[in-house]
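What follows is a single structure, and I will ask about it in a moment.
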Amino acid sequence: PLPMACIILEVIIIILFGTLVQYDDETDAKLWHKEIANGSSNYDNDFYYRYPSFQDVHVMIFIGFGFLMTFLQRYGFSSVGFNFLIAAFALQWATLMQGFFHGMHGGKIHVGIESMINADFCTGSVLISFGAVLGKTSPVQLLVMSVIEVTLFAVNEFIVLTVLGAKDAGGSMTIHTFGAYFGLMVARVLYRPNLDKSKHKNCSVYHSDLFAMIGTIYLWMFWPSFNSAVTAHGDDQHRTAMNTYYSLAACTLATYGLSAVVAHDGKLDMVHIQNAALAGGVAVGTAGEMMLTPFGSMIVGFLAGTISVLGFKFLSPILEQKLKIQDTCGVHNLHGMPGVLGAIVGAVTAALATKEVYGDGMADVFPDIQSGDVEASFQGIRQAISLAVTLGIALLGGLITGM
Amino acid sequence: PLPMACIILEVIIIILFGTLVQYDDETDAKLWHKEIANGSSNYDNDFYYRYPSFQDVHVMIFIGFGFLMTFLQRYGFSSVGFNFLIAAFALQWATLMQGFFHGMHGGKIHVGIESMINADFCTGSVLISFGAVLGKTSPVQLLVMSVIEVTLFAVNEFIVLTVLGAKDAGGSMTIHTFGAYFGLMVARVLYRPNLDKSKHKNCSVYHSDLFAMIGTIYLWMFWPSFNSAVTAHGDDQHRTAMNTYYSLAACTLATYGLSAVVAHDGKLDMVHIQNAALAGGVAVGTAGEMMLTPFGSMIVGFLAGTISVLGFKFLSPILEQKLKIQDTCGVHNLHGMPGVLGAIVGAVTAALATKEVYGDGMADVFPDIQSGDVEASFQGIRQAISLAVTLGIALLGGLITGM
Amino acid sequence: PLPMACIILEVIIIILFGTLVQYDDETDAKLWHKEIANGSSNYDNDFYYRYPSFQDVHVMIFIGFGFLMTFLQRYGFSSVGFNFLIAAFALQWATLMQGFFHGMHGGKIHVGIESMINADFCTGSVLISFGAVLGKTSPVQLLVMSVIEVTLFAVNEFIVLTVLGAKDAGGSMTIHTFGAYFGLMVARVLYRPNLDKSKHKNCSVYHSDLFAMIGTIYLWMFWPSFNSAVTAHGDDQHRTAMNTYYSLAACTLATYGLSAVVAHDGKLDMVHIQNAALAGGVAVGTAGEMMLTPFGSMIVGFLAGTISVLGFKFLSPILEQKLKIQDTCGVHNLHGMPGVLGAIVGAVTAALATKEVYGDGMADVFPDIQSGDVEASFQGIRQAISLAVTLGIALLGGLITGM
């Protein structure tokens, strides 16, 4: 069934690309040169602002998630091999779904560097969900799950960013919260009481594995690129990368400190380090482009590391025993709670935005506040509603998909 | 003999660099500032358009090929260690040879970011050839082979790009086809009937090795940078990267699908995944900068994955038994056939180029068609002749080198 | 003590960031848009010139040093795990110390992409020192050592670059020489006669480890980004990257050649390859941005590889037996001597600078010569004094820290 699924899906995708997809203005030879001739472009191709970040995101999705998950679980081929297949499928499907929902131009989906980054982001969300269900599903089930998840991801993204007008450049809500709670709900439906004793061992068994550490460091290093990949040019990308950098650094020290505190014997738990040290990146996914300041970023990072470690220690056992959710890789602690924290931080930071602080830069970060359409406080409310919508679609979607 | 060879070759290279090489206009302090003062430059240093791609290509050559080959064959040091030495040598020698053939200015070779990328490309071609002869040669033989191959690479590149005026930015012909058939011909000459039973085991034995998979993913991720590294600024680089991205994604699904179809037991063959999933990048090396469209790129990628898997399954055994070519790493399936496919796709796409589709962008992609010097159909013929020339020089050169 | 140390230090850092640190003009929404409105900026955000290099440096610090050291010593978690913690701490502390010494603006430290790169550089220097003391210290001792070293690094950098007006973009002096001699002096104070026979094995035991080779290749590939990360825009960054590229290539051939020459049995020593092949990058750290020419760079690289291999073979045993300095990872051979060589090459190249060669580009490389404040010969003297100062502060600081 898998070979047939691959070939049929790819043929469908190729036909849809043939009828629906065309180059955007910056990728098309004729249109780009027409823009230059018009003087409506000064040769500044978006490609140069975004391609280095795109490649970093690409590495995070394909190596970071792959490496980290593989060596944590030792699922070997079922992890790296199928991650690769599903990722290659998801980014094509995401191009179609995101293009469809984010607005077509003259009946066509226009693709360029930004659509490539967004497709990679969507793929990342699917791989986060896999972290919760790994070891419980067959490859074809994973493929079906990714068809549904990519579609719902695009729907949710459309509602949050376009309908509600929320900001979420680094995807605290749309990528991390969505992916985590979608996956956890699927894991809940697929609950098997004997999983723990079966051959599918839990992550924490292999706590000494150096390879997982390498995966973590890859994700840690490139996270500033992840959060800043689609923010506006200039100060916005600059600021987002820097906020993420400081949030992660503070998060790392909090993680090492807390991990030793909650341990019985005072020893560090490698699973905490490998996961919680990254929570700082997740938690500034929404507010990173705002005027959060390095100070604010470090506080957020510190909190994210703290709740992530405490989640591994105290919440994961409860989830498994009481709620019957076996969170294979602890995505709730790395993506779920830090994602929700990031959404809340984003809502608060948005509500506090003033013209004194942002100046004319307001137009990039909060165009609706700059134009006078909304107050800052209402932007905060829109952010909060977006979190609720994301949780709703993720949980409901995961429930249906699981069944 | 190896230490002497290293030191003597390096001394010769240093003397040649001392007499022949100087900074190009963008790298030289005086010349660059003179250009700015003249107003003939607006501070747009080519470095910023190409350096990120250069680093990605660098990673592909030194980590991708190294990792992939090492762990596939377990030749350990003879692979990583000597790959590194030969690559460090080849890029210096390539700077001299390519500079010599591509035109000297006032008796000097001018070097800059583009010559660095081209030297890396040439090094890649040498490493492709190694994939065919690995385990059959001594280090000094490899060094001699790379001296000859780099020289012939520069001759072929000069004929194809300058004399014939063909386009081949991603090197379907000049890098992949040349490297593969050169290496295969050397392997043919060095044929040893008992190799299979000797300690040098064939790639396919280690099919479960996760490390080879990592090497594959590295190459897969950075291939868009490889194909777009030396294309024209703006829409061309943008389009090339995107075409490669979609070709690879489609190729991956085709590979997984076909691999399971041709297997006896329906299981995936890791050697197929590790190699054939990359064929899509090779096959858009020539046409990637043209208006191939994502749709066209995906069809090419799908075909490339298909012929690559079928090559591993049906053609490689025939090559070995009938033609006595032991293709250690299957370079014929990853670089040879997909390279020829890429050359044909490039010729057809060039022949179909119209002013309606390219607009003023024609000047970047096909300057000779824009200037009216040639018809599109004749550009297609020049591309086809280039393929024939490349095959001829590669096969003849490999034959002589092998002896 | 470690968890408390982490949390207390992080809280102190957060408070200091809250009171002292703010976005620089290019990272702040209001200030950047004011600059654009004024016309004092043409949208050219420094972020785009430096971020790709920053990411490469980030990879070198976190993966290159981590991988290389880990697998050389098999200290496992004590290497990767604590490298990560210390690095995450050091880059925050470095932001404060470097900001403090390099000049505050209105009582505030302004942070942007350049301060992030400089913090990474300082972190690199700390990790170099670790290479000399690894296996002799506890985690908390390492944390204390890094607090002191970062502070002294900032003091030394301030004296060399600001007070003395020397140039050292790639840090031959400030990063490599400083880090190496600081660490060696600490190692001297911590000398334990029985270390060799203890469980802490020396690097050279694991000479076949392929992973260390991967770490080497990572550092080798990204070194052009390291040296060019903070040089002036345009020709300077271009030239620095290229000089480093050729120096490393020549160094690699010298290393392979020399390593086989000095061996008893003519076989290559992997420890030489893994370390000496990188010496070429260290040795053009100062002169890389100058008009060294590819020819000059290759000679410097050749010399660096030679002294590094000879150092491993003949000097390291003497250091250990006579001077009681156990240089766990051979940092004296990779960073110490090549760093001093780099400083000398920089002094000589600076002393030879002429208006004929540099033209108006002199203003970027040697602003004080351009303005007529100093003669080229005096710039050379300032470079030489800087080397002496660096050695003095490193040795004295290491002595005090060790005690």
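Going in written order, the chains are labelled A, B and C, and every chain counts its residues from 1.
Assume contacts are C-beta pairs under 8 Å (C-beta built on N, C-alpha and C of every residue); 3 or more make two chains touch, one makes a residue touch a chain.
Here is each chain with its UniProt name: A, B, C = Ammonium transporter AmtB-like domain-containing protein.
Just so it is clear, the model here is predicted, and its values are computed rather than measured.
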Interface numbering overlap (same over half, different under half) for subunit A and subunit C: different
Turn needed to bring subunit A onto subunit B - CA fit, degrees, nearest 5: 120
Mean-CA-position distance for subunit C and subunit A (Å): 34
Touching two or more other chains - residues of subunit A: 48, 52
Complex contacts: residues of subunit C adjacent to subunit A: 2-7, 9-10, 13-14, 17-18, 21-23, 26-34, 36-37, 43, 45-48, 51-52, 55, 58-59, 62-63, 66-67, 70, 76-77, 80-81, 84-85, 88-89, 91-92, 111-113, 116
Of all residues in subunit A, those that touch subunit C in their complex: 48-49, 52, 56, 208, 210, 213-214, 217-218, 220-222, 224-225, 233-239, 241-242, 245-246, 248-250, 252-254, 256-261, 266, 268, 270, 273, 277, 291, 293-295, 298-299, 302, 356-362, 364-365
